[in-house]
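Here come two complexes built around chain A, the first alongside chain B, the second alongside chain C.
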Partner chain A sequence: MTLDDLMQLPQYSVAQADKEAVLLAELTRLGKHHRQRSPEYARLARIMFPGSADPHNLADLPYLPVALFKEHLLSSVPESEVFKILQSSGTTGQTPSRVVLDRETAQLQTLALSRIMCSVLGPNRLPMILVETADLIRDRRQFNARAAGLLGMLNFGRDHFYALDSNLELRLPELKDFLRRFGGAPFLMFGFTFLVWSRFYQPLADAGLDFSHGILIHSGGWKKLQEESVSAADFRAALRQALGLTRVYNFYGMVEQVGSVFLEGDDGYLYPPNFADVIVRDPTTFEELPNGQTGVLEVLSALPRSYPGHCLLTEDLGVVHAVDSPSCGRLGKAFSVLGRIPKAELRGCSDVIAAKVS
Partner chain B sequence: MELEELPVHLRGSAAAEPFHESVVNAAIDLSQRTFRDPEARGYPELLALAYWMRKAEIVRLAAQFRTLQLDNRILAPRGLVFHLPPRNVDTIFVYSWLLAALTGNRSVIRLSPQRSESTNILLRLLRETLAAAAEPASSGTTIVSYGHDVEPTEILSGLCDARVIWGGDQTVDTIRRTPLPPHAKEVTFPDRYSLSAIRADTYADLPEEKRDYLADQFFNDSFWFDQLACSSPRLVVWCGTAVETRAASADFFHRVAGCVERRRYLLPPAASMQKLVYACSAILNSPVEECRRYKGLTVLTLDSLSGFKRSHPGGGLFFEAHLEDLLHLPEFLGRRDQTLTWFGFTSEELHALVRKLNGRAVDRIVPIGQALQFHRFWDGYDLLQEFCRCVYIESAFQDARPTGASG
Partner chain C sequence: MTTSSTEKLKHAFVSALGVSPDGDFDSMAYGQTPGWDSIAHMALISEIETAFDIMLATDDVIGMSSFLKAKEIVTRNGVSFA
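This part shows the complex of A and B:
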């Protein structure tokens, strides 16, 4: 099996052991590629991970913490081949991550995303509701990860309808028009989790509209909803009850690994696509943890060619529930993301807080 | 108490005689209360503090103070000392408070409204001690608590005779914008950096158990405050030949890693992540030639100390470097460097180092294991004298006329 096979085979159809064998060869090759082209990566791999040039399993591969992409522009292509530099949206005051893309990597990302989405959407473009304002992508100067995510998804639909106006208020009459036109057959919906909840579900909760033919794909994290004590299960139940939406898929992904997103199965767990994987590591020693234990998520992807982002240690906690479990017909690792590593304050003589406030 | 009442309250009490019985007894009482307190037992830093304030130590300080009193120079309290301790080192304010109080000063201590559990315990014990103390100790200390408001700092600064600022460069900078009375002095504790130096050949001669002991002492110096105390070592300089130092370092850090594991030192995940990111960045930004990762301990070997940046994530990350001779160290040190903990050098070598530094760097040179032991000599100050004015007396009356002046 090759990477090409992993792409072409139906997603989630490769057993974990087979996938690991292909990924190990592919990611080792990618590692060599990045060692040759990125002096920074070569230095990190050699010094931080001595002996990793000949890895025996996926956990042996050198991994970079995602925060490193905030401090360093890591590139494996000459400047002339840079197609674009992606930036994470990053909350105010935070340095954004910067990710260097060449055409090859960008194309791979597009292809990969389409392979993943086709697994739930089918081969045809569906009419599409975007729980977003059209303003988001109108101004290309403010091109951020949210806009990039949206643009990436546009390809999977047709007859795009932006359900929110520039004040993020619901455009109810137009939405009703859309449903009259397309509501009787499968249609696609996409939005950021919190917007879907606060700007779409909440105003529509008692409207009695029928979204039973909709397929909702949403992402962006649960932090804000957790603050409102809304769990993933609450979210699904509420949408089912109020809107008749039964096909709801969350996905987990990041700007540092665009394209290889982890899409929810019908069992509510996330699954890596064929060409990606997750490893859970101990949050203090970073050694690989057995399934069932909570730790820091490392995400692996065979896509990144133009930057050394094929093995990344995230700042998210997660747990692998099962491997090759047939509970929703998908093979591979079934996992959940449990949120960010909680902030910690170490003691010391230097009064960091006072320094920040004053 | 309302803000407006503070000045009246603070002006109302007088300074005590240095080492007044009531203050000495209060200090010893606070030490004993801390030792006995079931809650305080869970906090090693509180026990260290209690140990430092035990009777024998106070008696020793009193004796040292007496030797500072000369026939023609008397040390007298400055008056009111305003202490601004850092928010995140729980107990440090007690050290400057105690030395100010013992030398007869009244104190006003500003605590942050957000306090750690150990600070709250200490505060309770201090209040109980003061309530039980005799005068003038009982009314000589006032504790105030406020956030980042400027007004109380202005009022208290205007009243005080000495101000003590803990908490690093930016805090010092911020508080300094509030003026002091012209006569008042300031004692500041800015950001500092500390390091260790080990002579490799002496280390190699140590028997096993002494190496373990040294590693254990080094562990205490470093990990007690997550390596963020200003006197905790962050850089280890090995002196000797390349072969000697390499072997000594491998042996030593292996033992330190053993301590980390035995003592179950656990860093919060966010701090572990920060440490990993820091290590990666350091590899990209500085001449790191090797990285050794043990559980809870990371060692980055530097090719050279030139241009060495003194940022640090804390939590068990050490830089190390190799020098042929300790006397090559001064060119890499600067004002920010505070404590040098050492092993294996002779007194002559250490004195030669200080003479060569000539005040440019390093305020404290102590054996490995004593990094965190607070002392009257700290950050280049003698705190037993800092809170005193030197009064000069010439008591011999000269009855002879000056010769030559009248011509």
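This part shows the complex of A and C:
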């Protein structure tokens, strides 16, 4: 089996051991590729992971803390081949991450995302509701991360309808028109989790509209909802009960690995696509933890060619629940993201590495 | 009939991307031709669907990376350019 097979095979259909064998070869090769093309990465890998040239499993592969992309522009392509530089939104006061894309990596990302989304949407584009304001993408010179996330999803829809106005208020009459036109057959909905909750579900909770043919894909994190004590299960239950929405898929992803998103299954767990994986590490020793134990998530992806982002230690806590135990028909690791790692530990880690690099 | 399909496709490009009707269509490519960004791409898809009365699948949308690719994809959707 090759990487190409992993892309072409139905997503979530590859058993963990088979996937790991292909990914180990592919990511080892990618590591070599980045060491040759990015002196900065070569130096980091050497300092942080001496003796890692011969990895025996995915956990042996050198990984970078995701925060490094805030402090360093890590590139494995000459400047002439840079297609665009992605920038994370970054909360106020934080330096945004910057990720260098060449044409090949950008295309791989688009293709990969479509493989993942088509696994729940099918091959045809569906009429689409965006729980967003059209203003978000009006200024075409400058897209923030929210806009970039939205743009990536537009490909999967047709007859795009922006359900929010400039003030992020619901455009109710137009929404009703959309439902009259398209509500009787499958349609797609996309939005950021908190906006879906506060600007869509809440104003519609008692409206009695029928979204039972809708497929909702949402992302962006649970932090704000956790502050309101709304869990992922509450979210799903509320949408099902008030809107008749039964097909709801959250995904976990980051600007440092665009295209390589972890999409929720019908059981509410997240699953890596064929060409990506997750590892849970102990937050103090960074050893791989057994399933069922909470630790720091490392994300692996075969997509990044133009920047050394194939193995990244995130700032998120997570847990792997099961492997190849398809409670929803998917193979691979079933996992959950449990929120941000407490700040102090992560700063420590990234400071040490930042000091080593500079 | 031949010219008409090509002309229709060119017209969709002109109207969605704002390119010159006298431009070198065969060299136009997504992300390279000024005006052909991801938002204009959606407009282009919609223009093409309306012009030829076809429905393009997701793979067609992400595969439409140049004018020549567009021709190929529209052909595959049952439109004759020959």
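To be clear about the criterion, the second predicted complex is superposed on the first by the 341 of 358 C-alpha atoms of A that agree within 3 Å, B and C clash if a C-alpha of one lies under 4 Å from a C-alpha of the other, contacts with A are read in each partner's own complex, and residues count from 1 in each chain.
The rule is simple: a residue touches a chain if its C-beta (ideal position, glycine included) is under 8 Å from a C-beta of that chain, and two chains touch if they have at least 3 such contacts.
Since the model is a prediction, treat every value here as computed from it, not as a measurement.
Engineer: May I ask you to decide whether A:A233 touches chain B, chain C, both, or neither, giving the answer as first, second, both or neither?
Structural biologist: neither
Engineer: Kindly classify A:A185 by the partners it touches after superposition: chain B alone (first), chain C alone (second), both, or neither?
Structural biologist: neither
Engineer: Looking at A:I341 after the superposition, I want to know if it touches chain B, chain C, both of them or none. Which is it: first, second, both, neither?
Structural biologist: First partner only.
Engineer: Of the partners chain B and chain C, which touch A:M48 in the superposed model: first, second, both, neither?
Structural biologist: first
Engineer: Under the stated touch criterion, which partner chain does A:F83 make contact with: chain B (first), chain C (second), both, or neither?
Structural biologist: In the superposed model, A:F83 contacts chain C only, not chain B.
Engineer: Taking the superposition on A as described, I'd like to know which of chain B and chain C A:F286 touches: first, second, both or neither.
Structural biologist: first
Engineer: Classify the contacts of A:E71 with the two partner chains as first (chain B alone), second (chain C alone), both, or neither.
Structural biologist: A:E71 sits against chain B, while chain C stays out of touch.
Engineer: Who touches more of chain A, chain B or chain C?
Structural biologist: After superposition, B is the partner touching more of chain A.
Engineer: Of all the chain A residues, which ones make contact with chain B and with chain C?
Structural biologist: Chain A residues touching both partners: none found.
Engineer: What does chain B use to touch chain A in their complex?
Structural biologist: So the residues of chain B in touch with chain A come to 86-90, 92, 112, 114, 116, 148, 166-171, 174, 189, 191-192, 225-226, 228-230, 266-273, 276-277, 279-281, 283-284, 288-291, 293, 295-296, 314-315.
Engineer: Taking the touch rule as given, give the residues of chain A at its contact with chain B in the complex, in rising order.
Structural biologist: Against chain B, the touching part of chain A is residues 40, 43-44, 47-48, 50, 64-65, 67-68, 71-72, 283-286, 296, 313, 315, 317, 341-355, 357-358.
Engineer: State the interface residues of chain C toward chain A in the complex, per the touch definition above.
Structural biologist: 31, 37-39, 42, 45-46, 49, 55-59, 61-62, 65
Engineer: Could you list, by residue number, the parts of chain A that touch chain C in their complex?
Structural biologist: Interface residues on the chain A side: 83, 103, 106-107, 110-111, 114, 117-118, 121, 123-125, 137, 140, 151-152, 154-156, 158, 160.
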